[in-house]
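Once you scroll down, you'll see the structures, which are given as structure tokens.
Note that chain A is present in both complexes that follow, paired respectively with chain B and with chain C.
Right, the complex of A and B next:
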């Protein structure tokens, strides 16, 4: 049995036929996971300094020197790194007195922080499978982003108290700006909102739950939804980037709604985070500092949006990107700023970001070429071994090697 | 989904009974159910005036007669499939045969699964277990209704 580090579901029922160190036939991998497994042999990062190929030792040394010589370095990424590498990353940030941040600062970091702080209730996927009768996908399209989400955990499987299957025992509700592939499955449970309309939807649903007439076009449908939620025995809310971006950092309405729902029945929130160990980085940094991203170790521990990549790039004079590709997802203006900062890229594959880097340090692919541990998007720790041999060092070893050079 | 009426329109409509069935409509249904072959309609092959109809019929029935289609008429479009496994877990027969695997959302372990995900896309393996198979078939549509990308269809 193999494990897939293609997304944050960390599916552990993968059957792989190996041909030496090559991946042969695979079973149970989704399309995304299959592409992840088959990426082993293509587009791999090679150690380089200033565009010239060097040995891994020279690349690590150059990375260490670049970071040590900087006034305001930033260590960014970590969502595609093992827990061990993330731990080493926090130690490196402390040693350098640098800022450390991850993509959650522009995605679901605020939701993750509230969950870790216990302000929003959460549960595991096993609880969802065993008990949930209502699954709400809010600004979230797991069919596209986490293909096995619905089939493994949240909607289709049978569980302890959900023996009759999805048709009788479960209800899927999708709140989104478009009829996504997930919304097609939910059919009648799809609520279309306008972009940025999540706040208004929260208000309307809160009003409907309180027995007031909601201020929406289709009042009857909203009241029906409120009735459905009132009758729920165990609800799960899966949040996506759509909700996080729409609320623009103001989670008060959402937190109040979840609180209100919890007066009726148990409702838990599980964010659908992107890369395989985003939750791990959030947890590692939260355990150390009480925040999930945008932290600086320059003068003790300080936290603030100014230490997030979007604003810190203005004053940053060196950046190390680990297991991430921010240049591919940041808005063009920010990506241009990032391109101008001297950069070290640490990762398994060539990316747009690694193409901009002055120093590249390759790592093994976690879960395939190197073992380690990660946190699934619901916070469950999953350990994995390597499947095939590799000439590359694990990401944790690479970070420790760079730390020695600082 | 091809209807029997579409097939009927491309038949001679003479009810000559040479195929062994009483009417051309019955033959159309037989063709769709794979109980009859186009060649069983001899006038269609022998008479030149039906040439156009024959070509149209072959074109219409190409998906059913292709190697991709299973005996139940299921066609999987691998280029559309996400490999999500919704169909694998939603299939009532898979669930009944595999309480420790597909029933709880994991990959099939029983060795009797009708559908399973191989190399990132779904594949039909034990078609004889499908509710749509054989003379006592039931028109189950669990695998189609749960597919987010419309990668499965029955013809």
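Right, the complex of A and C next:
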């Protein structure tokens, strides 16, 4: 049985037939997973220094030298890396006295950190499949981002206490600014909000749950939702970037709402994190520092937004990007700043970021060409073996090799 | 940001874009799924733009030409765009007092575009420019 590292569901029921040392026929992959498996043969990163092709040893040595010579380095990314590579990355950051950060600092890090700190209740996908009768997708469109989310765990499947599945036993509620593919599945359970309207929706729903008249246009519909949630036996709230960005770091209303819901029944929050091991990096750094991103090891352990990539680019003199492509998603002004910093890119595929790097160090694709472990977006640890051979080292071996040069 | 129709642009991720990204960001398929903006029908009519035609989106941070797509929903004044290197050219790099970088929502001016859709090569060249 194979595993898919195409997203943070880490589906572990992939049937793979090997054709010699190549992947042949597969079953159970979603459209995205299929593309991930097929990516083995395209746009692979090659070892290079200063634009010239070199051997992996020379690339690793140049990477180590570049980092060792810096006063203020940043190690960024890690969401597409194994737990072993993330652990090695934290060790490297400590050795360098560098800052370390990941995309969580501009996505759902604040929600993940509160979950890891025990300030927001959570559960596993297996709990959701077995017990949840209400699934709320908030600023979240798993039909697009995590294609098997609803079919394996949160809406369609039968479960221990949910034998009738979505037909009778489960309710899907979608709160979003657009009628996403997930909202189309939810049909009457779709609540369309205005851009940035999440805070107002939280306020109105909290009021309705308290038996007050909510300050919204369709008061009856909001009161009906509150009634539905009051009757729930086990609720799950799946959060997406839409919610995180709309609240801009102020989770007080959201945590109060989740607290209110938990007075009525068990309601848990699971963030729909993007890349396959985002949760793993959050956990690894949290275990070491109490924070999921934006940490500096320069003088002991320091935390703050100034150590997140958006601000740290102003002062850093070297950056190593691992399993990530920030230049593709960051505002152009920040991507241009990133381009001016001497950079090492570590990863399996060519990206816009790797195109900016002075040193490129390729890795095997985790879960296909290299074994390791990751944390599913609900925090469950999943271990995996390689399916096929590779000329590349694993990401953990690459980071350890670079560390030897520092 | 002079001229054009002022819109609130919301970014999102779509399954077909995710698939093309896994296949490679330098492919025509990735550009076709990413360099698009879904517009309200009335906004398109008032802008004089048909589905598939180029639209220039501009902010104080930058501008790109993408293909217009007719949205199935009514959402006048709001446009939806896949989160991608194309939308990233329009985002502000300013970090607010709360330390949060806004990647999901921004105001842009939209006008009928001239020429071809911006290529990933042009975006890369802009990032690398001195």
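The working rule: the second predicted complex is superposed on the first by the 406 of 406 C-alpha atoms of A that agree within 3 Å, B and C clash if a C-alpha of one lies under 4 Å from a C-alpha of the other, contacts with A are read in each partner's own complex, and residues count from 1 in each chain.
Note that in this section a contact is a pair of C-beta atoms (placed from the backbone, for glycine too) under 8 Å apart; a residue touches a chain by one contact, two chains touch by 3 or more.
These numbers come from a predicted model, not from an experiment.
Contacts of A:153 after superposition on the shared chain: chain B is touched, whereas chain C is not. In the superposed pair of complexes, A:31 makes contact with chain B and with chain C alike.
Residue contacts after overlaying the shared chain place A:311 against chain C, while chain B stays out of touching range. Contacts of A:181 after superposition on the shared chain: both chain B and chain C are touched. Looking at the superposed arrangement, the partner reaching more residues of chain A, out of chain B and chain C, is C. In the superposition on chain A, A:301 makes contact with neither chain B nor chain C.
In the superposition on chain A, A:352 makes contact with chain C only, not with chain B.
Once the two complexes are overlaid on the shared chain, A:210 sits clear of chain B and of chain C alike. In the superposed model, A:117 makes contact with neither chain B nor chain C. After overlaying the two complexes on the shared chain, residue contacts for A:15 are found with chain B alone; chain C is out of touch. Counting contacts as defined above, chain A residues 31-32, 34-35, 143-144, 147, 181 meet chain B in one complex and chain C in the other. Residues of chain C touching chain A in their complex: 8, 10, 12-15, 18-20, 22-26, 61-62, 72-73, 75, 78, 80, 83-85, 88-93, 95-96, 98-105, 120, 123-124, 126-129. Put simply, chain B touches chain A in their complex at residues 81-86, 88-90, 92, 95, 103-107, 116-121, 145-146, 148-149. Within the complex formed with chain B, the chain A residues making contact are 13-15, 25-35, 129, 143-144, 147-148, 150-153, 156-159, 165-166, 181-182, 184-185. Interface of chain A with chain C (complex): residues 6, 31-32, 34-36, 38-39, 42-43, 105-107, 141, 143-145, 147, 177-181, 195-196, 241-242, 245-246, 248-250, 305, 308, 310-311, 325, 327-337, 339, 349-352, 355-356.
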